[in-house]
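Lettered A, B, C and D in written order, each chain numbered from 1.
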């Protein structure tokens, strides 16, 4: 079932984002409160950009064990600084526990994470895979619905128009789902980034989608909590989008509405409605 | 923190013991009800005897990932039959997550499992290790209190007199603990076997020890539950000792009292008081 | 690049087959002599039948580390007896190192192993996957050419006519390969079994195929080597098919010719020519 | 048996040091030329300093699989820049393959790597462990001779006087070895650093020690090879100490003599004789 977080803003030691919060993502790997499962121990992954190195693409570190006991994850976190971090902890919805089934997935500068599932994905897998661009298909490495969704979005122009591509992807999944007798195929929160902008989607074919929250603007939070030292250390740009809040600071977290997507780019933060686009 | 089970009786496919019960040990790795932690995902291990092969020693299979998603464990369970099985799921109390820190531990025909901890073990580790017989010391492979307890018990004659050796081991741990200012060092349930007899201990220096239960005699259970098919398939000899009950069958589970040990050998089942023996 | 062995005959402790020979498969994981790579450390797998358990399907144990240092493999080998064993050590030809990419692959009672590669497989993967029966496709778990070959053979009737199905599979691979401008796509030795019969294929689109040997009939070997104790312990039925000889016993090993397949069933041992069947 | 490298100088993307050389350490994990074993696939580790993060201690990343197929190692290497790197690939000399038995070992700012072995270590382990300072002993996590050597050196003042501490450590190992009837206990190359200086030792109780080389001064190399672009990118300070040369550039590599140690600090490079100091 999974939980994830996306961070954008002041370059920080990853440990501050991943380990230090009161209800950190690492804590959620063991004690998730709002997820379908309390434990998310079927693998994890992080992806971060390292602009100081001159390297464009994000680094990805994924492994099959639980996040809570992984020493290398702790080590990297304590020694790497980044202005943009994706992090994900996995609870498998049926597919194999392996590195290639852990998020984030990456292509070039782009990263992708997903919480949720495509109902009936096993039956639909072939047809969905066939809808992926034939050249892109060759690079699919795992068997998750999440990765297939990513490759479908890439097929539909993710690199040019992420919201449109994701809308077309969901439209396709729903259409094929209906053909297979699945009334409500899609359950998702999705995060995608190109290293500058972070897009976060919350949608379910029916009912409530998996939980998703964004952090309040830092300036507003400083006004609310003048004594909070952490808020003095980060720029106004700094923003988190998370499956569940990392702590209890009053006023810090806002639910992303169902059927919408958010966008964070520098100091810009926007919310827009989201609807699938059948093709 | 850990949970474990010991099975003795009719040779069964391990899967029947490990996976099929309503609240199986595999289920407990994800959702323990009576343990200190609900999740026990820092490794697992099983040990079983294979008398049909002509091999005396038990086989041990241990791994660092969670039990709930381990395919090899599932495979072995579905294809191995044994009359005596030890199985353990681990929640680390501080030491490294590695194969050599997973239970059961083995020496010759003997196997050992532990749930609990020695308070202040880190500070006491050198002194406790020094109390281990110098030749035995060379074979210590990990860093857990559990393994050190095993090697101390071996030092104190486990292979000749298990209850006495365990009593002497606890006496030593408490003495050394007190020297280090730890008032109540020992918290344990322990299972040990030589392939014929299973001994199970429940003791805490102070207060309640970790939970431990034994199954009611099969004949009595058959009388209580004449419709339960499973009970027809197993001999009167069959017995389980478990950290927490594997199901809800009324009358099936009995708490092992604090400060006692049980013994199962064939159709013999005994309960005795247990007290540490300071040396 | 890989090496494998298939054993059929007297039920033996797996250790005798896997570890004890002078140039065992375990030794070959570190020091292969006739393989393309000397090291085969990108994973391993074994599959064996356990008729005494009443379970029909073979057990599979696969892992991503090297075989030479895997303790669980050693343990299983020392405590499991089987009349039919498949064992494989992997040197990846490009695809991910993960459990689902290790051999043997299994479906129902059937197991499959491969040494070699499909040239240009990455480019051909989509088209080959599309040739797999749509229902079977859903169960493909990895990304190897080996697994796709298995599923194509299943599509072409492996469970009814293994030699014919494999011939049709190779025919399809060569046809699609030629469409992609690959003149000589197939390089293979393949082992497949249903638990009673073992079929072993050796074929290359062009030139010499990967090495493959079968053991001489036990009766003949006993005549050649009357002092060899091991030969007294095994039945006349006993047969090995191997990527490279497990030892130096004169007269023990015979090369399987290029473009042929062998069949072992009880005391029956046959060699037949093999040619692809384009569809 | 192991191979290692130590890099000090211009901050470089780790990939340039670990993967790009013609006979890189990654290549050596599969095809070592001068090591006791050609394969070093029983784990690996890297340690690097990240001064730009403001964090003093080095990051350590260790894992039990082979280096040649580890994706996370590749990822980190492609996205991390450091002025000082330790890297090690392991061939076990008998102890368990586990993360805590991989090098480099670290304590505070200090890192330690070893190639070689203490003959008869298994028999000597208890006595050597007892010679470690009682408080330091508590932090020993593994079972290698290498780690015990590190903790002995720490006991003998490594943080104040590395060459003296290592000399006292070797003296102790030899003394205890002789007590156990081992005539020539020590076989070693060792690298140790505090983040500023790198010390490298080459010593064997008897005969030739494991191979060890240092790179020629960059200025001299530039004069020898004016067309080599790589040499223009690195400062005069840049220095490598390696188990075996990373390439064939004439004049680039110099053997560290037996019974000596080297020291690299900024532009300073020194060679000194080394002899054990019995205590």
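Keep this in mind: a contact is a pair of C-beta atoms (placed from the backbone, for glycine too) under 8 Å apart; a residue touches a chain by one contact, two chains touch by 3 or more.
Just so we're clear, the structure is a prediction, and the values are computed from it rather than from any experiment.
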Message: Keeping to the contact definition above, tell me which chains border both chain C and chain D.
response: A, B
Message: Please tell me whether A-B or A-D has the greater number of C-beta pairs in contact.
response: A-D
Field: chain A-chain D separation of Cα centroids, rounded to whole Å
entry: 39
Message: Which positions in chain A are in touch with at least two other chains?
response: 99
Field: In the complex with chain B, residue positions of chain D that touch it
entry: 96, 98-100, 122-123, 125-126, 129-130, 134, 137-138, 140-141, 143
Message: Quick check on the complex: what are the chain D residues that touch chain C?
response: 30, 38-39, 41-42, 64-66, 68-69, 92, 97
Statement: So, in the complex, the side of chain C touching chain B is made of residues 13, 48, 50, 52-53, 55, 57-63, 71-72, 75-76, 78-81, 99
